[in-house]
Each structure stands twice: as C-alpha cells, then as structure tokens.
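This structure is in structure tokens; I'll ask about it shortly.
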C-alpha cells in the first residue's frame, strides 16, 4: 500500500504581491505519515488550505488517488466535495469544535453525508421515513467506537467546549475520522499539549495509520512544530522555507540535511521552543 | 443633453448628502465592526434640530442667511454628536464582547426609539421649510430647458468638501486619528499600548453623528420637507453607499455616496420614481453578492 | 453618585432641550414653535433620579453575582412543567375567555408561529434574517391572488402559499447566503423592502396601497362561518344558533394547529441530521465545510423552511383579515418577530412562545398609549439586550445522548460567522 496518494505538482499560491507557496512539489504515499515542517511563515498552512479547498491555488495541480485508482483534482473541487468525494479530512490549528454541542453530537455531525445523502431524504426523515433510524443507530455505534479510541466515552454528553484542551484536540481528530477519510490533514495537532498528551497523540496517530485499535484507518499529512513528535512518528518529512521545498526524505535524512539546519538556525530560536509558536 | 446635465448636478448634490451619512457608517463599522442601525435616525434627528434652530434664529430676528446657517450647523452637529455619544454609551457599550446578534438588535431598538421619540415630541406631520437660498446660476439653456446650478447646491458642495478635507486631516494627521486607526486594526492591542479605546470609540460616534447632522441640515434645506421617517430610507441608502465604496474606507464612502446619488437621480428621471428605492436596494444586493469588498475596500482573505 | 446623576441630567438637558422643549408646528405660512419648558424639566428630573436609582441599585448588588445561571436553571426546569400547563390553557381558551381574548389569542398565536418559523433560521441555523416579513407577505398575497383569480379555497391554497414562500426563500437566499452575519441582515432587509415596494406599486396585480379585499374565509370541511346561518353553514349543520364568534373560535384553532405544526416540525428536525447540521453551522461554518457538509444547501433548507412557515402564517393572516395591504408588511414587523425570537432565547421553543405573549399581549396593554407603544417597544429591546442578551430561556438541550440529557448553558455556545 505505497502508491502515491497525494501528489502536489508545482503548487503556487500568491496573495496580492506576496508569494506564500512557490512551485512546491511533493508526494504523500498511502499508509504513511507525511509531515510538512518549516519555520514560521514557510507557507505550511497555506499548502493545507489549498489541499482542503479553503484556498484556490494560483497555479499548479493537486491530485489525490484512491486505492481504487480513482483520481481527484483537488485544486478545482468545491470545498465540501473534497471531504465528501475525495475523502480528505482536516483539523485546524485553532481547534474548531462545535463548542455548544456534545461530544456525541460533534461526532454525528461529521457523519452528516452518510446520514443524509440528500435534502429530500433529510426532509422525509421528519415523518420517520427514509430508513433514517437505522442509519442513526449505526452512526451512534461508530461514534461510540471513536469515543472509546480517544478515551472520552464517559464525557459523551458533555459539551465539547467544556473539555480540557488535550481532549478537544483528540476529539477534533476523531470527528475528522468520522468522515471516513483516506487522507487526514492535521494542522499542528500537538500545539499546546504537554509531553504526556503529546505522547498519547503520537500513539493515536500511529494507530490511525496502522488501523490498530481504532475504528478507521487512513494516511496522514501533518504540519507540526514539535520535532519530537515529527521525528518519532513520521515516515516521510517535507521541509519548507519561504514557500519552497528545501528538503524531502526520511526523518533521518532530513535531520542531517545542511539546508534544513541552515534554515532553522537562520531563523533563530526555532526548534527548541517551537511548540509555543502559535501562528504560522 | 441639458436635461441629463441637470440630473448630473442634482445627483451629485444628493450624493454629497449620502456620502456624509455614509462616512459615519463606515467609521463605526471600521472601528467596532457593527452596523450602527440608528445612524440614519441620528441624521433625521439632525434635520429636526436644524429645523428648530433655523426657526428660533429667524424668530430672534437674525436675517443674515450665512450666519443663521453657520449657527445652525454648529448647533445641530453639537447636539447630534451628543445623541451619538448617548446612543453608544447606552445601547452599544454595555454589549461590547457580547454575542454577535446583541448589538445589532440593540441598534434596531435604538433606531425605533429615536424615530418614535421624534414622532412623539415633534408630531407625525410632515414639516415644510421655506426656501432659504433661492435662485442660482443659469449654466446654459437648450430648447427652453435651463440648466440651473442653485446656490443651495453650491453651498452643499462647498460645505461637504470642506468637512471632508477637515475630516481627512483629522484621521490621517492627528493623534486622535492615529488612535482611531489603531483601534480599527486591533482594539485589544491598542488598549494595551495605552490608547483609551472607550474614549476613541465614543469620539468616533460623536464625529459620525455630527457629520450625519450636517447631512440632515442639507437634506432639510435641499428638499424643504422632513418627517420622522426619513432616517430609515436614507440610512439604508447611505449604508449601501458605504458598502459600494468599500466598508471601512473613507474616500470610498464619499465615492459610494456620489454613485448612489447619481444612480437614484437618473433612475428617477429616466425610469420610474416609484421604484427609486428599489434601485438603491438592488444595488446593495448586487454589490454585496458580486463585489463584497466594494470599490476601494481591502480584499479580505478568510482566516482558517 | 450625585455628581454622576447631575452630569446625566445635564446631558439629558442637551438631548431634550430643543427636541422636547420646542415643538415645531406647521403654521399658515411658516413653521411656528411652541415652547414646552415644563416637559423638558420633567424629562431632566426623570433622568436625574433614574440614574441615581440605577447607580444605587448597582452599588447595593454585590459585584459578579453568578445569578444568571440559577435563573436559567430554574426557568428550564419550570419550562418542563410549564409547557403542558400552557398548552392546556391555550387549547381551552375559547371555553372560558371572552371573544376579545380569543381574538387576541389568534393574534398572539400568529406571532408565536412566525417566531417559531424564524427561530429555525436565526435560532438554529444562526442566519440573521431582517426581511422575514417578505415571506409573510408572499404567503398572504399568494393566497389572496390565487383565491381571487382561480377560486380555490383556503385549505387548497395553504400549502401553495407555503411552497411559494419557500420558493422565494430559495430564490432570494441562494445568492446571498454566503454573506457574513451583518451583511446578510442588511441584504435580507433590502429584500424585504424591495418586495414591499413592488407590492405597493404593482397596482394592476396587487391593488397597490389600497390592497386586496374580499379574500375568502376558511371553511370547515366546506362548512362556512357567518352571522346569518343558512344553507351550508356551520351553524345550520350542527343545528346551533349562528354567531360570529364561532368563526373567531374556528380561526383560533386553525392558527393553533398551524403553530403546533411549526413547533412539531422544528422540534423533530432538530433531532435529525439536517437540524444538527443547522446548529453546527451556527457554531462554526468553517468546521462544517471541512466535514463535507454542503454549507449553501444546508443554509438554503433552513431559509426555505422558515420562509415556508411564514407563508403559511401569511395565508392565515389574509384569510383572517379578509383584507391585506402593503402596510401590514413593513420592516417593523420583521423587527417585532426577530425581537420575539431573541427575547425568547435563540433556539428555545417555549421561550419564543412566552416572548410572543409578553410582546404582543403586552403591546395590547399599551393600546391606549398608541403613540408611545413603539417608543416603549424600542426601549424594551435595548434594555433586554443590555440586561439579558441571551433571552428569557437560553442554552440548549442536546439533540441526542447516551445517558441523561443535560442542559447546555448559553455561555458554552458560540456563533460562527454565518
């Protein structure tokens, strides 16, 4: 299972006169965890926003290939279809949970498209038609499995906004997984976590990659500042600086690459306390 | 041709009035990010204050028109500024940081209060006003149609331009203007840097209200009739002007005002007077759909 | 404290001195002024003591009382027992109340229905709609025109009116629903005004400012209600004395039924994927998009659903009045319905019903002060927002749960940018 899942080809994104991403090309392979790293302002989140349809790239192509061989041109697809058809899910740097809704509800909203294939079906359900009840039971079962996987079963009926920070991060990942993705994009999942929580997160991500003890399995693409996490779990690392790729390879190769060292040292205090750097 | 030229003059004059009101919308939106729904009604209050002042002055035997107008301008702008301050203090400040809909609904309430306060205190009847500056310059005559530039139109244009120059100076060159722009960028940060944000916001409301009151005086002089309901329609049109020009941009507000004034005048002259409000509202809808940043607004990249 | 109050009094003098003190009267040739110094004095004194009282009250109250949460909890608990009581009292109203109260009940229930309809749009989906009255107008005019031109009865036209209103909702909503909160509000307001101005000026179709009259009354399975009885009337069929109040009672049950239908549908939808998506949209639109939810379609369904119920209410309004004119569909109606929704607490069904009773019923109390009614209404809106921005009954109950359903307080809830 190592066919190229996502291929980014000559991706360029300009905002006015500013070139945030400049002719970037890389591949993420199926069944792997690919990390995109780089100093602040390197264009990592912009790449993510292009992949997940929040920005439309100025130039370049983004192609996603399913195991079935079907390909999807992400750069020209509507945002919600990227999740729905191409099955790319994402989380956000600043957690975006539905804070006033319960943990369970958050996980059910993520299964919206399974529960409600179309509007007519959604309206028929008002009168108890359209096989809704069975679908809802299945959705709750799936939500339960994920709550178990992230250890939040006893908090199922609590509003998501009342959870501790680390739990919110894990819930957001579980919620994204409920959309049945083939590729999960994580924007700084370890930001703001303490070392223990970061360890838990690493193991959760690896379990998702391998499909161990969780209800789903998919490849991962992550932006991360916490080098500990990146080096421990990544199969493949892409390093960006000023919108360009400066290195690409296994964690060991990247760590030894003089370009990478120069980029990080040149930027100053990256690396050690990069976790605290909030903004990209 | 002559007819069109006359419409152009009329449209630009009307546009000046809308532009002055629009500046208030755009400033308030820029600084606290809310639509000050009561702004149109402050304009209406300004028109009433002007009417009262002019009547008092003529009762006192002041016959010099420029003097009467100057005194009225100061009086109406001052008191309307006080209204603006009070509205902000009573209806908006306690709601800062509250949930999204609260200030808007409070603003709608304030608008209803102002309208009905004027209706109760001044009566619901339409108030006419004798013409103060009759006559004008005949520019040209064509087929018995004389293109006239009235003294009133000249006065409105001059006053508007002077005010805008003064106002631009205030915003770009003074410490107060700098404080306002800082609050617009980041209120919390401006506060941490020692800017009194409450005071800055209050002053923004006062200035916006004063400009609206000047627009009210001009409306009164130009049309010669006012009632307590003029604020609603004029307010929506001025808001349209602000959006068309690019909300947050001061030159944009004036430009948008002129555009709306022209569109409305030409629409009434060549198509239909009954549907002139529809024209303005439709423009609002079209601009928001197709050009949400307006003519001079900054592009807003969605933060994810 | 005295100084503060004195400053307030000075400001009040500035505000009211000219506006209240000098009343402009239209004279023969010019404008004349009537001085009213005592009224100004009264207003200034009122502000002085009002401010003093407010400051004293604030001082007497210990700072930072977490009272709000308790009130909400009590209100929510009471709500559970209150609902059946209110329902029974409402259903039996025509049996114990005079005709005046039955008619008032019809009016209040119309607003309850409108409030519940708008609650779908504003309360659940978080879309601020200031032109809701447009769909009410579409419903009313649809029924009146179809009934007059094609001779169809109320019960045939009712669904048509709803469908037409929903259709207009989709039509108007489609281009504008991607706008952010305030912009959406102002565009919907513009739409409301456009529809009103068109109705006002399209005289050949709508009768313009004169409106449409002679709109057919509703029948009960073909039985008509009138004061003279006769062939095919309700009174004749049941062999009772014909009385015009029978029609009032019938209308009361029609609108009660319609309102309850609105309530049932919205409660039901809330527990379904569609309703959950609406609430998710209110919480965070960007997250919804990232979860593959088609944001536009979801917003449109909420908009159309709200419009549909406004259409039903409009058709009912037309049949009750037998006369409609553009005057009934001004912006202020939209503001009143929105105020009911917000006062009731966004998303809360019982809250909206109570708010409609307070606002419309309360408005009737001020009937004798016609002039001051709207002044008080506007003031009440401002005070409500300042004192209790989340409305009477705030927060939400989860739509689904594994264990006990626990109430979620409003502080938890967020609004996105929809």
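Miscellaneous remarks
For reference, chains read A, B and C in written order, and residue numbers begin at 1 within each chain.
We take it that a contact is a pair of C-beta atoms (placed from the backbone, for glycine too) under 8 Å apart; a residue touches a chain by one contact, two chains touch by 3 or more.
Keep in mind that this is a model prediction, so the values were computed, not measured.
A comparison of C-alpha centroids places C closest to the centre of the full protein.
Among the other chains, B has the CA centre that is most remote from the centre of chain A. Put simply, the C-alpha centre of chain A and that of chain C have 43 angstrom between them. Centre-to-centre, using mean CA coordinates, chain B is 30 Å away from chain C. Centre-to-centre spacing of chain A and chain B amounts to 48 Å, using the average Cα coordinate of each chain.
Multi-chain contact residues of chain B, defined as those touching 2 or more other chains: 302, 304. Residues of chain A found to touch two or more other chains are 54, 92. In chain C, the residues that touch at least two other chains are 286. In the complex of the two chains, the chain B residues touching chain C come out as 34-35, 45, 48-49, 51-53, 55-56, 58-59, 75, 79, 82-83, 86, 90-91, 94-95, 98-106, 108-123, 125-130, 232, 236, 239-240, 243, 274-275, 277-278, 281-282, 284-285, 288-289, 292, 302, 304. On the side of chain C, the complex with chain B involves touching residues 11, 14-16, 18-20, 22-26, 29-33, 122, 128, 130, 175-176, 179, 181-183, 185-187, 189-191, 193-194, 197-198, 200-201, 286, 331-332, 335, 338-339, 342, 346, 371-372, 374-375, 377-382, 384-386, 389-390, 415. Residues of chain A touching chain C in their complex: 52-54, 79-84, 89-90, 92, 96-102, 104-105, 108-113, 115-116, 119, 122-123, 125-126, 132, 136, 140, 144, 156-159, 161-162, 175-176, 179.
The part of chain C that touches chain A in the complex is made up of residues 265, 268-269, 272-274, 276-277, 279-280, 283-284, 286-295, 297, 301, 396, 398-406, 408, 412-414.
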